[in-house]
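Once you've had a glance at the structure underneath, I'll fire off some questions.
Lettered A, B, C and D in written order, each chain numbered from 1.
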Amino acid sequence: MKSHPYGEEITLRGHIIDSWVLPRVFDTIMDLGGEFEVSEIRVGRHKDETSFARMHVFAAQDNQLQNIVAALQKYGAELVSEGDVQTRPAPRDGALPDDFYSSTNLPTQVRLNGRWTDVAGTEMDLVIVVDREAGRAVLRPMAQVRAGDAIAVGHAGIRVIPLARARTSDAFSFMMSAVSSEKPKKLAIADIAREMQAVRDQGEKILFVAGPAIVHSGAALHLAALIREGFLHVLFGGNAIAVHDIEAALFGTSLGINLASGMPVEGGHRNHMQAINAVRRAGSIYALVETGELRSGIMYEALRAGIEVVLAGSIRDDGPLPEVITDTALAQQQMREGVQGVGLAIMISTMLHSIATGNLLPAEVKTVIVDINPAVVTKLADRGTFQAVGLVTDAELFLRELVKVLGLAV
Amino acid sequence: MKSHPYGEEITLRGHIIDSWVLPRVFDTIMDLGGEFEVSEIRVGRHKDETSFARMHVFAAQDNQLQNIVAALQKYGAELVSEGDVQTRPAPRDGALPDDFYSSTNLPTQVRLNGRWTDVAGTEMDLVIVVDREAGRAVLRPMAQVRAGDAIAVGHAGIRVIPLARARTSDAFSFMMSAVSSEKPKKLAIADIAREMQAVRDQGEKILFVAGPAIVHSGAALHLAALIREGFLHVLFGGNAIAVHDIEAALFGTSLGINLASGMPVEGGHRNHMQAINAVRRAGSIYALVETGELRSGIMYEALRAGIEVVLAGSIRDDGPLPEVITDTALAQQQMREGVQGVGLAIMISTMLHSIATGNLLPAEVKTVIVDINPAVVTKLADRGTFQAVGLVTDAELFLRELVKVLGLAV
Amino acid sequence: MKSHPYGEEITLRGHIIDSWVLPRVFDTIMDLGGEFEVSEIRVGRHKDETSFARMHVFAAQDNQLQNIVAALQKYGAELVSEGDVQTRPAPRDGALPDDFYSSTNLPTQVRLNGRWTDVAGTEMDLVIVVDREAGRAVLRPMAQVRAGDAIAVGHAGIRVIPLARARTSDAFSFMMSAVSSEKPKKLAIADIAREMQAVRDQGEKILFVAGPAIVHSGAALHLAALIREGFLHVLFGGNAIAVHDIEAALFGTSLGINLASGMPVEGGHRNHMQAINAVRRAGSIYALVETGELRSGIMYEALRAGIEVVLAGSIRDDGPLPEVITDTALAQQQMREGVQGVGLAIMISTMLHSIATGNLLPAEVKTVIVDINPAVVTKLADRGTFQAVGLVTDAELFLRELVKVLGLAV
Amino acid sequence: MKSHPYGEEITLRGHIIDSWVLPRVFDTIMDLGGEFEVSEIRVGRHKDETSFARMHVFAAQDNQLQNIVAALQKYGAELVSEGDVQTRPAPRDGALPDDFYSSTNLPTQVRLNGRWTDVAGTEMDLVIVVDREAGRAVLRPMAQVRAGDAIAVGHAGIRVIPLARARTSDAFSFMMSAVSSEKPKKLAIADIAREMQAVRDQGEKILFVAGPAIVHSGAALHLAALIREGFLHVLFGGNAIAVHDIEAALFGTSLGINLASGMPVEGGHRNHMQAINAVRRAGSIYALVETGELRSGIMYEALRAGIEVVLAGSIRDDGPLPEVITDTALAQQQMREGVQGVGLAIMISTMLHSIATGNLLPAEVKTVIVDINPAVVTKLADRGTFQAVGLVTDAELFLRELVKVLGLAV
């Protein structure tokens, strides 16, 4: 490979053909202008046999080779060359050395003292801070790095564990193909209900990321039922869903629409401001529950059940409610902690919170996005949350059916 | 009005303020560069009193004045000047004299021999053919005009009856405001169900215009139930909905997706071609019902119940099925006949057929469009079907809920 | 009005018919279940004459009457009953008395000591804090109210000045009708360019609210040109547009897409993290300009020109950049200050920031929303920014054409 | 394979790994419940070496095996078993034997008398009619089959030639990834212009499928320029684009919007009916050009240049114009003939015509879809036109830029 003098040897193992790893690897090398030479390949002869490949990757320039290798690591490629993970110290608080390794949302390992070691946490776009003495490595957001921290750099001694493509008749497999508004929703919802049962039985948590359209469309009672019946363990949202939920509980309206008649009520505009004021006057949502003024709805059930709630502020908030975290960095950190232990994430009608949560979720957390706008699903996948499956449908009808399939009283 | 020497005197009567007629008239005159001088105005003092206005309209040029008057007629303006409707002969078959009057979707009258006479039929974009001797006038599509027919021209002696805005708590009023995906659907669907009951009780027909997504999404059984239980009297669709309905009935798939499992079936592609072939080999859908091969679904119920069905062809059709009318002019004419006696139109997931049907419907026919894409509703309104109210939601969940609210067995 | 014993007398004056005020007033009364009795009406006889109406409004209950009156005030209705604005003290910091008056985005006056007095500031959903002794009143967000502040309550002694509908051939009038993706964009863009010139000539500011799609689509250079040439005076955005702008300036990519070739660059993922790191290591964007590392793009031009920039944080931010305001309440306040003196707002491809800014803008600020998704425009109007006109088109092609029409070098 | 007693041996050859053929084959077998046993595999060691695989496929039932084999043929799988293509006679005109082979949009061959023979024509969803004596086979739509025709059935003796994935820096490759409204359009348009030049230089035709939004948005002159300058050889559309084009040429409006001012003209409604009438009175569009009445626009240029035009009717047509083919089966056939020799298809703002044309195009015809609605592109791909690449953008700005890049005078 005269014109491509820079090379590395890599290996791939597992279901590298039927999980599409090998063709992706070939594609990536060629897309990035590299060359390859397969030195060994063993293809599994039937579906239970894994495959193995060993090949040299070549590039015209070293940084091109590094790019290729970085890209291949996403697919589980392992550098044959020996050697531990390399680190360099962070130059100042919140900043990184130049060639820092940026994480994926797949489980990651680093070689420390010759042994492959799990990196604690799985989240995309973080950096690996290595404690060589303790033989440990953790993921950390850039802003939380301290000057002098040993930051993993380059690619040597780092590998990720790609997700094997599910082969069994997976609850979710029917949705994997594409975003479509035309497929039978009823079946999809039944599968989601089954998945919720399974996740709960395994002792994992179910996260809902919820937008205010849930309240506007009259579906707050369904979300409340899910909380009451133990099918919702972590709730992410913004000021708006809490405001409108409380507005609905206190005045029967949402954004000025009477939820029982569907008719606009002039003064509904006032109602949401009055709901905010009622909470602010009491001091907190919690206080409003304590005084007995707030007696139903999502927030009421959430506070009663003591589930984890993160309400993150945004610049379009009125009020906001006292429980809303107006510092976005702090809110992000609480969401990061909130996703621990989550086995299933269901995101309904909220693009901002869905993308933010998607950034925090490991790829193995099953993720469903329900939105009437197909673009939201596409956007999430574009941003790296490739495991997300979309259901293009109506929030209210979705939640009503879900609650019915689960057999819950509302 | 020196610079505006051309003038006409018009009168307006009815709920011209609270039905927004008067401000629209003022707007229109000014938008078109005209001037006005109100000579008399009597405003109803409370909601049950009608109002009256008389005014002169001026323009700088005669054709501008004609344009203004044409526009005002839509709002019920009546020329004070006496005189019968003017006509000129059609120059050849299917063609019109220059200044032909083009109809709106509102009831229209012409002055014949000094008497206001109803024009038979109400449909937009048609022309008025006058039979002066018989004292009759009818609407006719341009293509059906014969050379020599007396075609109404200009504006004199023509008036339309604008719709009074509903004042009572109308089933539909809550939806009138706008297209929104956020309002409570459950209430909207309950209102539609009530309206269906009312329309049926009044002996009027219910028209469904239906797209193939109904079958793809697993909702064919709900539409079939509506037919079986007498809530669907006229059905408009294309080749696709019939093909996929028959595919679903024969093979359990729609576009290759198994409707029971939601999983793609390779060969579903073949299935829809095989469904077409089964019908073509039998000779017709009807023949397939007769032989007992087709035993369920929308087409089965429609043929059994003997309701009116118009399947209109398009250039994307496979096959097509023998019952599909491939001549679009003929299909349009059959749809024109099919809308007679219809009191409520429900259009689901089909833009082309919905707009085509909207063109044929009088403005007083209540029209609901159900589509997951808000643009479809906007487009229909843009094309003149201003009475259409939109429900941005999922076809399957909509139909399921509708059938449930109506209490039908599926 | 036996069944409607509660009444108030109101007056309306101005272009109340051709600005659609009177029919809206009638509608509102009836929609809210009230009755009216017109006691006097004078209709302008031609377009330059204003009209006047006096009427009694009745309701069955007092709070219903208050709701009706509150709704009518939006249209400029003035209570005939004498009397100053009523106030009650705020019960605690950040909370309000029960029947507080919530503002619209129209200019507002209160009657203080018998004289109508302008309320400082115009912004929706705020409250009026009255300083009776000083004879002054100001709008304030709920969160900034202090215990004991005199908050305007009820409706007496409060009126708003509705916008007269533009009658002349307004640059914007052609877009007023509706959101449409089908009308000629070229004409719309030429009108916007003319409006920009006019606003600048009048010494008012032009605000751009900008989303990252501007950079992704290769349009950063056009926005940079607008800043350089003095057509952009205030810039609102988030972390993402700044990050990708700097990524593009430093590496030629945006979200990993090479902006010169359009091809994805593996490692583009790394690029945006590296851009963030470059800034954080330098300490600020400003520092990166100072060191000569950042030499082009939107942020570079903005910092060089010293225009007002507000970068508001959100929970989906990576990094974030040091200049990003992570406290959303603080960011909102800086945006509130930033809109002072703005005569034209152009919002491109960013729903969150557009709605947030829409909430802050007085109704008389001309507002254009450019987005490829028609739903964004609808949503802004739904939230009360009714003056917003939408252009459903591509951000890059819009900005390129705008810069070309303005005759700017890029 | 005890539980899977039915088996066939297949071979695959070519770029079966980097063109993703092999993993798709494995996927398909498993998705359809089959099993496989690889007996031989040779993987190309670098990008220029092709690969080869031989394997047995097993299924539990014979029709399942047939489904699997049918699915694998799409990827170029060839049955090892010897034997000619099997045929059975069509049972009646327009109908097929049960197990007819339904074509893909890839080049197809049948084995006749032991020799692989090209099947004439490439189009999806057709059937193969075999003339064994002449040693020929042709594709034919179901409706054109005559009783007794020898229709290919089953899978033996049939193979398709899959498209090799382009490896070189293809003009289109940058768009292949996904539908995105965020990528640089300017680059995409430049690439399309280059492709147009190349296709024209190779003597292939360029097809435009055009919707009326082109005229509404003021872009008719750009399309006209493309015809005049020889960059548009075949034009597909409907009644609407021709009507509005002629309306614009005669009256300067489109759907009642003045294209020079962007302002609605009351009477524009009349204008489109008058345009139709002008044509119908003259007898044809051609006659209107002959008389000198129609002197500009798309139809004018198309008739002058003598390019191939197919205007297909639909049920929403007004008029229609005499040149419009109201029989959809006939229109489809003319479109089928029109796509012969086409090397590039550009579809703008028309879902119905785009899908209809997509059905007719061989997969190797490069296809670009320009629409502001991303769903249109997705839909086309869902319907099997997988080669289509989408540009989510504005029709007018797209055409203006295209004409500018090509250096044409408008």
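Assume a residue touches a chain if its C-beta (ideal position, glycine included) is under 8 Å from a C-beta of that chain, and two chains touch if they have at least 3 such contacts.
Given the structure is predicted, the values throughout are model-derived calculations rather than measurements.
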Quick one: which chain's Cα centre is the longest way from subunit D's?
C
Could you compare the number of C-beta pairs in contact for A-D with that for A-B and name the larger?
A-B
Indicate the whole-number Å distance between the mean C-alpha point of subunit A and the mean C-alpha point of subunit D.
38
Where the CA atoms of subunit A average out and where those of subunit B average out, how many Å apart are those spots?
46
Multi-partner residues in subunit C (2 or more other chains touched) are 264, 375
Subunit D-facing residues of subunit A, complex:
17-20, 22-23, 26-27, 30, 35-38, 41, 43-47, 167, 178-180, 374-375, 378, 382
Give the list of subunit B residues in touch with subunit D in this complex.
28, 31-32, 67-68, 70-71, 91-92, 94-96, 98, 100, 102, 125, 142-143, 263-267, 269-270, 273-274, 276-277, 280-281, 312-320, 326-332, 335, 351-353, 355-356, 359, 373, 375, 384
How about subunit B: which of its residues touch subunit A in the complex?
173-175, 177, 181-188, 191, 213, 216-218, 255, 257, 259-264, 372, 392-394, 396-398, 400-401
